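Note that the chains take the letters A, B, C, D, E and F in the order they are written out, and that residue 1 is the start of every chain.
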């Protein structure tokens, strides 16, 4: 089993997403929530952090995307949307949770 | 108070993740009573405050985005958006809400006071204001 | 699964408390056990009964209290963090000579050991912060 | 020069309140006038008399109260921000049906207009935040 | 008269210093305080933001440097150290203050 | 409680600007009573927490830096520092405090448990721990 990493910061404001990608191990699940969901959007200057990451699986919290007016078709391909129940499932499916605030 | 100052509200934070955007807006609304010249500047993640389509129904937070559309009625004359901040986030002016303005006395109308400007203009506009509010 | 939840930020200023609440609620609804919710740093401010948010907004404090009532949740407020930030129950009021209390129902003030214990006893620790 | 000071963060969690205090004190010592210190966002939490920080640490709330007593400072706490975060004086307690107050001496709760007015009346607005 | 800009964020954590340098006008006074003083140290990967900035004058709050263990000889040449009284003087000497948080 | 877990405290913030570093340290101190295996990881601005020479006499804040030096007495066995984070900030191991450790039973002594490690090691160590505390 691998770890779940949570990121709640905009990648334009703080380096948490970049740090998580750098410091997470193979098979990592990375969940973006709160302002972290901006990292899941297409066409930004930081998009390649996600599209270029290998052996990591990305998730974003759907309700936080909706609150911020980010339509599903603007989410980077391969990023899976979850609700809070899905968040709970991710916590259960992984060995532990690392919050990179 | 007869003195009229140029007020600039500097917005550099995304909405919802923190309350700064909303409580900053509350100052702008209250400030309307004071008849100053009011502009808002959106830079860095602040540009996200104006992205349209916000829906907080599944997150149980107060949706304050519609309030931005009413700012023209609260004495706000200019809402400036930094072009580079938009571009870095894959956004264009089309992604942003529009805000109408009307002068009740002269009946002068402006369809949209949201204006995308370049970095030099941001610097100049900030510099020309008398008071800068930061949140 | 048995969960420990840690909340590092106060209500309204940051979304962390909202996320922690919704996560905790979803875990309980799925039948998981929440061993303890531990409020630390400004997170202790989630526990004041003196808040009166606007009518059209969520009441973050009451929401926690109600969730605790429904599920017999253990909501623990760190005593050291609470003292720095003015969260007071009867015991603290007496100990520190305070003339009022402000703790909300279902919250209790206790030591940091409760966080460490929760992390040991639970299958997962989930942290919500800024 | 006439100064307006705005404080956006609570005590201890962020250094903003410390910086605002030391700046205000230095300005007063230099003979400048401080028209008003306005506490906004979590900054309102600087005004609770229920804090009991460790003996070997500074008492941020008392420090503000003492500075206000020495210099007749106007310390204004934003009412909307205070309601969200549980800062209550006698008037607020009555209006919102609260059974306790927690505001510290020399602080007063008032509207956001006090911030706007301070910005108009003062030569400079200095903002301390996170 | 120009403006005083205050920056209280580490340049490694947030882009406030970089933003201030980009958005400030000629003759700007830029004061680093709190965690912002890390921007005033020599030998970092962001040092050139300051050493390469033209027509701007940089200040750092001495007590915040001291608290963080940054000796004066590690401060970038040309950055002037001030105390709170000096901070007040900067506020007075400039037209207004812009806090870039 | 007979189960022994590997606790990892993840520190990514500078000291003093916010209270997280200090209140995180308080957890470590209290946690000593629970006899778990405890490591601390310093990444990003967290490496500033270990820089020596802190003097808060002119800023009226509590100086908690000396407490780090005592961590060896509080059951902390490893303090890891990310090499890249140090380098980006113009720092080396010489700029950091040293922390001694001694096993009271075996009298085993270690001069300094502060260890600079590379990014792969950070990832591996984080991954191998059982519980991660973040502040």
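Here is the rule we go by: contacts are C-beta pairs under 8 Å (C-beta built on N, C-alpha and C of every residue); 3 or more make two chains touch, one makes a residue touch a chain.
Note that this is a predicted model, so its numbers are computed, not measured.
A.B. asks: Can you list every chain that touches chain B and also touches chain F?
C.D. replies: Correct list: A, C, D, E.
A.B. asks: Pick the pair with more C-beta contacts: B-C or E-F?
C.D. replies: Pair with the higher count of C-beta contacts: E-F.
A.B. asks: Count the residue numbers both chain C and chain D use at their shared interface, divide by all numbers used there, and answer same if that is over half, different if under half.
C.D. replies: Same; most numbers are used by both chain C and chain D.
A.B. asks: Note the rotational component of the Cα superposition from chain A to chain E, reported as an angle of 0 to 180 degrees in steps of 5.
C.D. replies: Resulting rotation angle: about 180 degrees.
A.B. asks: Could you grab the centroid distance between chain A and chain B? Build each centroid from C-alpha atoms only and quote it in angstrom.
C.D. replies: The answer is 29 Å.
A.B. asks: So the centre of each chain is just the mean of its C-alpha atoms; given that, what is the distance between chain A and chain D in Å?
C.D. replies: Distance between chain centres, rounded to whole Å: 38 Å.
A.B. asks: Could you put a whole-Å number on the gap between the CA centroids of chain A and chain C?
C.D. replies: 26
A.B. asks: So which bits of chain E are touching at least two other chains?
C.D. replies: Within chain E, the residues that touch at least two other chains are 8, 12-13, 15, 34-35, 63, 83, 96-97, 99, 101.
A.B. asks: Mark out which residues of chain B touch at least two other chains, giving numbers and ranges.
C.D. replies: Within chain B, the residues that touch at least two other chains are 16-19, 44, 59, 61, 131-132, 134-135.
A.B. asks: Please output the residue numbers of chain D that touch at least 2 other chains, ranges allowed.
C.D. replies: Where chain D meets two or more other chains at a single residue, that happens at 8, 12-13, 15, 22, 41, 54, 57, 80, 125, 127, 129-130.
A.B. asks: Per the touch rule above, enumerate the chain pairs that touch, sorted by label.
C.D. replies: Per the contact definition above, the touching pairs are A-B, A-C, A-E, A-F, B-C, B-D, B-E, C-D, C-F, D-E, D-F, E-F.
A.B. asks: Quick check: in the complex, which residue numbers of chain D touch chain F?
C.D. replies: Of all residues in chain D, those touching chain F are 12-15, 18, 22, 54, 56-58, 130.
A.B. asks: Within the complex, which stretch of chain C touches chain D?
C.D. replies: So the residues of chain C touching chain D come out as 10-13, 41-42, 45, 48-54, 57, 61, 80, 83-88, 92, 96, 98, 100-102.
A.B. asks: Across the complex, what residues on chain A touch chain E?
C.D. replies: These residues of chain A touch chain E: 12-15.
A.B. asks: Which stretch or stretches of chain C touch chain F in the complex?
C.D. replies: Listed in rising order, the residues of chain C that touch chain F are 6, 8, 40-41, 80-81, 111-113, 115-117, 119-121, 125, 127, 129.
A.B. asks: Using the touch definition up top, name the residues of chain F that touch chain A in the complex.
C.D. replies: 10, 12, 43-44, 119, 122-124, 126-127, 129-132, 134-135
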